[in-house]
Amino acid sequence: MTHPLLDLAPLTAAQFAGIERRVAALLGTEQDVVIMQGEALLPLEGCIRGGARPGSTALNVVTGPYGQTFGNWLRDCGAHVVDLEIPFHTAVTADQVEQALAAHPEIDFVSLVHAEAATGNTNPVAPIGEVVRAHGALFMLDAVASVAAEPLLPDAWGVDLCVIGAQKAMGGPAGVSAVSVSERAWERISANPAAPRRSYLSLLDWKERWIDGGRTALLHAPAQLEMLALEACVERIETEGLDVVTARHASAAAATRAGVTALGGGLEPYVHEARDAAPVATTLRTPPGVDASELVAGALAADPSLPLIAGGGALSKEMIRVNHYGVDATRGVVQSSLAALGAALAETGVRVDLDAARRAVTETWR
Amino acid sequence: MTHPLLDLAPLTAAQFAGIERRVAALLGTEQDVVIMQGEALLPLEGCIRGGARPGSTALNVVTGPYGQTFGNWLRDCGAHVVDLEIPFHTAVTADQVEQALAAHPEIDFVSLVHAEAATGNTNPVAPIGEVVRAHGALFMLDAVASVAAEPLLPDAWGVDLCVIGAQKAMGGPAGVSAVSVSERAWERISANPAAPRRSYLSLLDWKERWIDGGRTALLHAPAQLEMLALEACVERIETEGLDVVTARHASAAAATRAGVTALGGGLEPYVHEARDAAPVATTLRTPPGVDASELVAGALAADPSLPLIAGGGALSKEMIRVNHYGVDATRGVVQSSLAALGAALAETGVRVDLDAARRAVTETWR
Amino acid sequence: MTHPLLDLAPLTAAQFAGIERRVAALLGTEQDVVIMQGEALLPLEGCIRGGARPGSTALNVVTGPYGQTFGNWLRDCGAHVVDLEIPFHTAVTADQVEQALAAHPEIDFVSLVHAEAATGNTNPVAPIGEVVRAHGALFMLDAVASVAAEPLLPDAWGVDLCVIGAQKAMGGPAGVSAVSVSERAWERISANPAAPRRSYLSLLDWKERWIDGGRTALLHAPAQLEMLALEACVERIETEGLDVVTARHASAAAATRAGVTALGGGLEPYVHEARDAAPVATTLRTPPGVDASELVAGALAADPSLPLIAGGGALSKEMIRVNHYGVDATRGVVQSSLAALGAALAETGVRVDLDAARRAVTETWR
Amino acid sequence: MTHPLLDLAPLTAAQFAGIERRVAALLGTEQDVVIMQGEALLPLEGCIRGGARPGSTALNVVTGPYGQTFGNWLRDCGAHVVDLEIPFHTAVTADQVEQALAAHPEIDFVSLVHAEAATGNTNPVAPIGEVVRAHGALFMLDAVASVAAEPLLPDAWGVDLCVIGAQKAMGGPAGVSAVSVSERAWERISANPAAPRRSYLSLLDWKERWIDGGRTALLHAPAQLEMLALEACVERIETEGLDVVTARHASAAAATRAGVTALGGGLEPYVHEARDAAPVATTLRTPPGVDASELVAGALAADPSLPLIAGGGALSKEMIRVNHYGVDATRGVVQSSLAALGAALAETGVRVDLDAARRAVTETWR
């Protein structure tokens, strides 16, 4: 029995290294790139368990649920954690980070989520990176929801650990992920006795046995199909042009924002300022008395394939998330999403202007 | 370099025969099924060049463009052709076929398209089959646009040559296709000195060298990947249930029809009677003064992925075709298609009721 | 740009659960099966970090390199480790395990590798399981190199944590793996405050958020392509028959052993007794004065695709490993492997009987 | 249910045209390249039915079974056929072609198979092309078994119709194939009233509706997966380098020839001169009293995956064919093939020198 996913010739170390190089080029980084054999949570956990230790003090910027996860891991490592919690309707500023660092000179680790799809905001990494660099802390960035959706320049921005996954704007697989690691980060992790070693979580294993060994022998059999899919999606981005891909996501966000405003009926962007809104997904606040989960259910009843989802946890009553990444970063998907939400809203008795929404999307799309 | 589409172990004769059996089961046929290694036009051409000859008289029912193609092939074979041309807004009836047969007792071949996606009609094969059988002619049916979208019972209906492709309602590949062949058809083709032999067009080659040889040796290397995709789509239909798949297509057609009627603005179903409308696609007539090609262009500008297309040739000004087959046979796609058409119509200054259309789709979908 | 590995519809929770059920059926287990999203080292590490803790005493049976890895993890968890080291040319016995348990009544965890491809031995799990059960310790088995190559019955044998990967005899992907977990194991891990929680290593996360949640929401996006490949290889085994697959591996081992003996020239099975030899791979000891790495290099120069490899580390001079698993568990691959080794040996001036080796393989293959 | 071979975004006309360009580059041709949606027999039949007609006289060079097929098609078209039959143990010469042309000045079509895998010979196309050009006839070449295995330069050699398939040395799919068409060939076919038009066999349809239409609309839905596989195999050849790929095939042929000679036992190359032997496959003559089919059966019993096959038809008793193309064009496969044949020969009581054969292969492989 022959099958396209079985009995492929093994991925060689040379091919694996080639995929690493293409990912590094996508990130414009000169740093080491490690492709971890699991979802992006794996390198994120590996970065924190490698970078933090008892005695560390970490500034953890919380702009969404992943920030909360990072705080838990940091505490689990014995680090003292300074949580800088930012309301979900806005983004953190470099000033806020600077003040927090000034208040806690002992901070030696900063964790930040670039864009958080779940809350729809994006943070200004460039100025934050400057501040963190000046302070001297190690800077970890979760760029899973920003890579290929908006500019991402880890080297220029002074990011020491930049984690990406391909499953959002890259339109690729979720089963492998990557992290770029600065020289400073390698030194810090190597000096940490509690850093994972001989472990699936370990970045150091890849450093010592793969990179320092000249990239000739993999640590174990890779997730070959996910690697091939990663290569294919990077090749597709190269062909379309990274700039074109990010422009498509910017248009989707701008058009969704404009369309919602034109729709009326009390639905409005959750993130107040457009500059703080993530290109990967737009979050909306429902009008008083309208339950977000019910509204989404109504819209999905009409078309279950639309990229709509109610907010998680406590936000499930008031937040709607319109995803527009990868193959969904098209005018058509934005139009259909707003039409379905508008119609579901109309069913509740609210007046909406579907035509105005549609025109606004068309005009705003660049 | 490893690739999922290269270096697969060859498809064996046993696997090939197994796929034939599954296709036969899908058609509920006891007849021989031949899987031809090309698009459905290949077996259709093979059937006509095998079944017709100088001296033949063929009744060719024309309910769309494929009927015209068949007439050309029939004439090319030297057959005398009686074209029974039916307006595209309706379907042929068994009575009409019976009258044509009565008027031309010498007719020995009847060609019919079951459902014609391009014009949106579907023909009542069961009663037509009875009439053709009574007359004694060979009966060829093009079921590419009906298989898996509506009931298809070649044996019960007396179809001698039933051609299918997987690219529409089956949600499968276009590169291979199948034909069921009755005993009578084999006899007729075998007795035709002009029937293709030792040719890519030849059904007889498959009969003599594959079927009669016990299905142990293929005629040549098959289109292996298309065969595997065919197997996969048949397996998916088995899992969902053929009845469920056809019901989904019936709902899509009914909902599109109801939605268009509710939308207003002068857009109306091209096929007058619902019973004559194909489950695979709904054709629409534009109101006077509205160019169909322009309207479709306007709707696709909003979402290029929608399954909308203007009519071909002379129909390009007045006919719009809404496809709703395979993965597009969902309520969401129907909703989005009508919303986009409605909005484009509104842009021309016509009044439409988008909300009413949306509600009609939701209510009609079973 | 369309690509077979991109833009697939997401794997649903229901499909994921269905794959779990098929894996459970393959193992004949009634226990929970968790499919971890990484290579088998991930669940192995998760089992040990979940099952061991400071205060634990673990009996770690070392019959190859994986046993050594387990010992390191156990010590890393703060457990006291009793290493039962067995020479690589033989297997552990239930008596040896029983004596070790008697000498250390405090042992509460036993780790064992079923078959170790690197050293070519296989251990008698059934009687060992009885002894461990009587003692009351938790029993973890690494069955990556035995599953589908030889009988594996975790429930009947009293295995609490049975870890498998698909990349050897199953002929499947390496990027996801599975573990069956007994009720006792869940209790033990749940009661361990040091067990990984909210971690990529965590079994408990899958228990609490996936299994106890009714298998409706995955913890994160899965390695979808690896999951589809896992499903495909299990389906292929079901079609061939698990018994047939294991018989094929048994034949490969027996034929390799017989062929080497017939070949002569001083090359001999590394594992003394056939009953201790793994069906997945046969290890050979080179004659005095013949370097194993050089001999393998000579054989691979003739055919780089042969599944031959020199022993790791200190064994690289004296041990050769002939893999014969998955698609390589065929008579042809065994013949080619022995012919290449025999020829390379002949080049060193040693007399070998290639014909006798070939005949022995043919006769021994059942 | 998600599947890697289903629901792919459709192959666009632009991608299709891009694949055509890459195939043209592989052939180094400036002529139009048409990719036909079927096995290479489809364009071969299309070329002959397009190029020949009643009144034509064709010189058909027969160096194997495909030549016989072409003769049948030519006669079927009403052409007068001059068969130039060449013994299978040699190749045709330009002199022989020149003499045939001189004897029949009316010849206006020449058909030739470049390399014929079934008989193992290859013909000197360059000088034959000169002779045919001087005569003025249309020149059709079947290069399915030579492309990527040996130099192929249709433009430089004056080939008017050059047909290739990817299933041999290209290591690609069999389900689509290509033909380069010279301006003269288009004129000739266009002027032929019997040339297939509006037919699956028609080259002209592709000319008129695809090429002349600016390559914007395909004639029908393509065999998408086969097209993607074709693109992937061409990309792989580009990466390895076409020169490297052909050198690998030349080595395989030379090594097989040398190995067989060294093996002894009466097995000898069927094609007398090395320069006439095809790089794609080596044919062997069995010694008197040894049945080729039985010998192959014996060799395959040891390893069913070896690329060995007995000659077809009357040759089944005396000819063995060793394929060595695509992924089988490796030293290892050649070694295993000769070892298995040698062993099977030894079983019949004949003395062979397996070691000498192995050494000869190793030394001859460049």
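As written, the chains take the letters A, B, C and D, and residue 1 is the first residue of each chain.
Just so we're on the same page, contacts are C-beta pairs under 8 Å (C-beta built on N, C-alpha and C of every residue); 3 or more make two chains touch, one makes a residue touch a chain.
Bear in mind the structure is a predicted one, so any value in this text is a computation, not a measurement.
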Any chain that touches chain D and chain C: A, B
From the options A-C, B-C or A-B, the pair that copies C-D, where over half of the contact pairs coincide: A-B
Which of A-D and B-D has more C-beta pairs touching across its chains: B-D
Centre distance in Å when chain A and chain D are each reduced to the mean of their C-alpha atoms: 51
Whole-Å gap between the CA centroids of chain B and chain D: 36
Residues of chain B engaged with two or more neighbouring chains: 1, 3-5, 7, 224-225, 228
Chain B partner contacts - residues on chain A that touch it in the complex: 1-5, 7-11, 15, 224-225, 228, 301-306, 330-333, 335-336, 339-340, 343, 346, 354-355, 358, 361-362
Footprint of chain D on chain B - complex, ascending: 1, 3-7, 37-39, 41-42, 45, 69, 72-73, 76, 167, 171-176, 198-201, 220-226, 228-229, 232-233, 236, 239-240, 326-327
Partner chain C, residues of chain B touching it in the complex: 4-5
